[in-house]
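One chain, chain A, links the two complexes that follow: it is found with chain B in the first and with chain C in the second.
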Partner chain A sequence: MGIGTKSAFSKSLSRRKVLTQAAGVGAGLLMAPSLIRSASAAGDPIRIGFVTPQTGAMATFSTGLDFVLESFRQAIGEGIKVGDAVRPVEILVRDSQSSSSRSAEVAAELITNDNVVLMLASSSSDTVGPVADQCELNGVPCISTDVPWEPYFFGRGGNPETGFDYTYHFFWGVDQIIQTFTSLWSKIETNKVVGALWSNDTDGVAISNPEHGFPPRFKAAGYELFDAGLFTPGAADYTAQIAKLKEAKCEILTGVFNPGDFATFWSQAGQQGYHPKIATIAKALLFPASIEAVGERGYGLSTEVWWSPNHPFKSGLSGQSARDFCAAYTDKTKRQWVQPLGFKYALLEVAVDVLKRTKDINDPKSIVEAITATDYQSIVGSVRWQGGPVKNVSLTPLVGGQWSKGNGFPYDLDIVDNAAYPGIATKRPFAPIAW
Partner chain B sequence: MVWLNTVIQGTMLGGLYAMFAIGLSLIFGVMKLVNIAHGDLIVLSAYLALVITQTMGVDPFVSLLIVVPIIATVGYLLQRGLFNRTLGDDLLPPILVSFGLSIIIQNGVLVAFSGDDRRLQAGPLEVASLRIGDTVAIGLLPLLQFVIAVAVIVVLHLLIRRTKTGRGLRAVSDDQAMAQVMGFNNRHMYGVAMALSLGITAVAGVLIAIRGNFDPSAGPARLIYGFEAVIIGGVGNIWGTLLGGIVLGVVQAIGGAIDPRFQILAGHLVFLLVLALRPSGLFGVKA
Partner chain C sequence: MKSNSVSATRHSRTTHLALVFVGVCALVFASAPLWAGANILRLLTDFFLYLSLACLWNFLVGYAGLVSIGQQAFVGLGAYGLFTLSRYTGLNPLVSVLIASVVVAALSIPFAALLFRLKGAYFAISSWVLAEVLRLTAQFIPQIGGSSGMSLPIEAARALGAQPAVRFTTIYLAAFIALLMILSGIYFTLQSRTGLALTAIRDNELAARSNGVNANRTKLIVYVLTAFGTAATGGLIFLQRLRVTPDSAFSISDWTALVIFMVVIGGVGTFEGPIIGAVLFFLLRGTLADFGPFYMISLGAVAILIMIYNPRGLWGHVRDRWHLQLLPLNFRILSKQDS
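Up next, the complex of A and B:
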């Protein structure tokens, strides 16, 4: 009882504090706009929220985040010019812990307690979706990336006719990944039988959908699909599925795996004598660490490539090319580049570009206006919301890659297919797995 | 023949589950301690083995010679320095402390090793297998893991039944007060039980890290299979735990062969069924 009273008391106190502060700010805004502006000129920071999974299952997608933030701070120096004044930028990074409830919670805190003017979110549906939903509800502009656009848009109940008012996204989509995969497979002679396994989670279920996912598109591209079904992430035994794939003589293996699961699957496929000519797996083979976990049997595995040092793009903010950016990362951390580095940096770049063009930074509608008018060359290519598949989505390029023996690091991801984006050079032709 | 292969694969997987479970079963039997951090200690052992294989360039199996004594010592110290202080009539404090330990280990490992997936490399052994006909293929690695699991259980059985330490463990488990009267130091015996438990955990950790990837958050998922194997087999029965692990593994494999979505579910269902029909476990002593 005593505890209850105490907490109710402190709650009312803090609420009163908030109210007085809010009233003060409101009065200030009404009475002396010019005064506010001069106060801003004295270095009032612009606050941007940034939610990304730093711990939990998707933690790998935040690899190099510190480097990205540091490079960004160097690039903007004292701040950005908004109107007549140079204002410092404060990036408030919050860990989503790879959990959707935690994502919504930190987003709400950033909006109500930290009063961010712009929200950024990246990496996986479980982080980006809830953050974008909070922003849409609270009328705070949000830019996000690193989730295929269909789960981002349709997963949140988006209607292509009307779209969302405050939340915008740049990344690739399901059609592009199908185009990339089938273009890869067309380069090697096979029996055109594709075996597929899907992880039983948000991504796997969406992608394996018999109407909207991969299966009808593979069939349309002339491949026979053998669906080995949804497996539980973290399963320790895949021999039953492997037996079926062998029996169906699937020379092409595809699907969606979490990195850990694929490594387990792949060694059991070895034990059971399943040797497909091609293995093109989404999500599991993005990082060198995932291939290191498979070892030398990782040579020849293929995957989607959203970004690499060989992409011919330059940051509009720092002028740095993708290659230089990755080199700086390796120099600083002694680690190999990873795909999310570019997208995390691009997200910050785009935010700055938007804020620079915003007429009134305290008006969310004005920021949204600037977002929709974006036509920016970032380190991951052009970001432009006019002319996307829906009004809230800007597409970025996707090409096909294959892992090979590395130069400097144990494994390299070579670009081997650029059917969709000929501007991105291939390093060598696609080759079947050498058994 | 396809079904025979399925059952064989499930049996070998079950051996690994039994390895997770034995440590849990042992400390619950001796001191009624439910260790929520068990799964995270498995993962911690795997990281320790990773450091040793990378720095010393030795095979993961050789690394066991170093990992097991280190983790066992950690176990003894944990018990003497931490868990002994929480043991009493109430079961809850030790559970809460182990829960906290679980969070500390997970985040500590995350800070030290990042969230990347890791794996221990066992070279060509990873994909080597014995072929029997067209459909049956027994991976050497799973087979070796199964043999190690059985061997560990045999050794533990002999230790408990035939040695003075084992007698002490049984005595402390049966009647704490009387054991003390007879000259056993309970606090030391608890430490020994935890050291044994974590020593076995370390073996399990290294074996699982060769079989599949691990990351800092992989522990709790391992823990649940351990608990299920203990319950299916019957609490406090070492051989029951082995059989419980095998039942779990085989049921999962058969479920997976019917439809991959049923793989994990089938295991959970059997666990619930056992809990409903025979709460003391298939091979447990009826209370």
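Up next, the complex of A and C:
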């Protein structure tokens, strides 16, 4: 409506004219992306969809995405050899906005509008779950990472006997994180009383589950658990919980926090004289920025480490080691490495490895065949779906780390426990927090 | 078309043309599965579903004066109804959507008993509180996946068609029929006694009451009908999404804020407004969605500009300025303007 009306070419801007023009501009803008798309479709490229949260609560997990994509494009150059021809690869990156609705939408768009042959997804259940669901139903192969595998598999109603047909995942799981945490704690003399707090959100509720989560496993490992309960994300006052933790004499603190919440909690704990010997927190302490928010009180905090420059792995695509890759990142962006960098790159590497081995790239079943046969050395270690806990999951290593005064950057994450993966060297022994 | 003496004033050449246009549109959209690809069908499905929500919210707010910012409660209940029935009974998803909507409509009666005690801003806030209570409750029920939510069983989705193309067509037609039913439901309600009562209440509730209009009953009718339609739409939305979580199902930004945006920029209290608003929203989304935070900022800017310069929305402005009325509705106001 409004388009095609006779507009008076008077000098003053009549409302109608503005509306007409606005409609014209709107229509023009609407067409623009499709024009760009059809222009770039010239060289018959292989299209891969990549859904990851670039905005919203999980945005920090996409830190360095541009660097990863650029490195990847450099590594593959002209394209990849599929059959006899070298074909360019087009990665269509979409922002999930950290929302499961938006993830499903963009995944469906990639499948129906862009006809991707392979889908990639990473970072948080809210992004990976819906994307994988869309792919499973529409018969598009999907590889994902950066979500513990249990929520990925069981959260989607997966049956270990049959598994999924089109969707595959590589990451670590809840058993590994328990093993890592308890192995850390065993290195220091404590009263073995563990105080736990959980954020009341998807991750916190899943992990604090009294049957499938952390609590029964801590007890099984010989620790006494004092559960301080779920707290609302964004809470400003933790006095009640801190008092309880002090009273129960919890020398070990654990739980799941969002980075901002932990900073608040930890400074209040300091002020109110709660001084545990060990604080091993999942999810909140992955990034240097989260430690910076705590300041000097951040020295000695411990967390899970999925990947670091010290992991002895090399990319099978570019030959770059984890250390070189992080150095290149720091060189380019002047920022410190973060854990998701490696996994984002590995996801792209694995995709290329799969496509290179695919017999018929236009047949989803053929791509799935190549996925199941994967035996690939990536920058985050070996990816191999034969012999995983369920047929759709390949496990990657997990070790324990502790933050210390940094060299070059204010804080460094040192690997201090490698019980599960002795191949990953520790930098120093685990130490109690120096109060 | 019950009324006879006044109906002549409701119609004009514009309304006749508009009705022909509506008929042509309906034919074009009904035949879309024959000529459109999967991507267009999906876009249209999405459009129809958002449009349904916008029209329902407009019905509730623009006509019954019930300013609810908690319609996500019904979207979420409809979605969870579908997923729960699909997981535990294995019914056809479309049947599940229908059953879930009836149950939600029944549930909305006790909700109304609670909320109708409050007026204006208090009603708005408490409707939001209700939705939040439902969201938090869903987080603590492990049978429906707690806070991590649940996926639609693959078999349930396949019941709509083994091939993606068939499935898209089925969902598209379901969304289209739902929209037609919602639009015609609203249209005929507005032309009925209830519609007259609604206009009276909206203009002056006290006067309407003293003239014998049962205001609470009329509002309840609208509230329950809206709950039914919103739940059905919610079910269909999540039938496409395949996965439901408390945060996505009871999301105020997705199911109420964006809907308010459409209705406000289009024109609250007009039948055509939400349609214009939804078209504009889809244009903006198609153009800007890949720009991250800038997308939300520009939506906000558009809404603010329109609220400042055109508080009645785009269609409200057009109608007031050119006395244009596309659908033969609200004949009393129109007859005044036309004379």
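The working rule: the second predicted complex is superposed on the first by the 392 of 435 C-alpha atoms of A that agree within 3 Å, B and C clash if a C-alpha of one lies under 4 Å from a C-alpha of the other, contacts with A are read in each partner's own complex, and residues count from 1 in each chain.
Note that in this section a contact is a pair of C-beta atoms (placed from the backbone, for glycine too) under 8 Å apart; a residue touches a chain by one contact, two chains touch by 3 or more.
Just so it is clear, the model here is predicted, and its values are computed rather than measured.
Residue contacts after overlaying the shared chain place A:Gln179 against neither chain B nor chain C.
Judged by the touch definition given at the top, the superposed model places A:Ala206 against chain C, while chain B stays out of reach.
In the superposition on chain A, contact of A:Gln336 is made with neither chain B nor chain C. In the superposed pair of complexes, A:Ala108 makes contact with chain C only, with no contact to chain B.
Of the two partner chains placed by superposition, A:Thr127 touches none, neither chain B nor chain C.
Contacts of A:Thr55 after superposition on the shared chain: both chain B and chain C are touched. When the two complexes are superposed on chain A, the residues of chain A that touch both chain B and chain C are 54-55, 200. Every residue of chain A that touches chain C in the complex is listed here, in rising order: 1, 26-27, 29-30, 32-33, 54-55, 94-95, 97, 99-101, 104-105, 108-109, 111-113, 125-126, 129-130, 133-134, 136-139, 151, 155-157, 200-202, 204-206, 209. Per the touch definition, chain C reaches chain A in the complex via residues 37-39, 42, 46, 87, 139-140, 142, 145-154, 157-158, 164, 167-168, 240-243, 245, 247-248, 251, 254, 276, 280, 283-284, 286-287, 290, 292-293. Residues of chain B that touch chain A in their complex: 2, 5-6, 9-10, 13, 16, 107, 110, 114-119, 121, 126-129, 131, 135, 137, 139-142, 211-218, 221, 249, 252-253, 256-257, 259-261, 263-265.
Residues 54-60, 62-63, 197, 200, 228-232, 234-241, 243, 259-261, 263-264, 267-268, 270-273, 287, 289-290, 292-295, 297 of chain A are the ones that touch chain B when the two sit in their complex.
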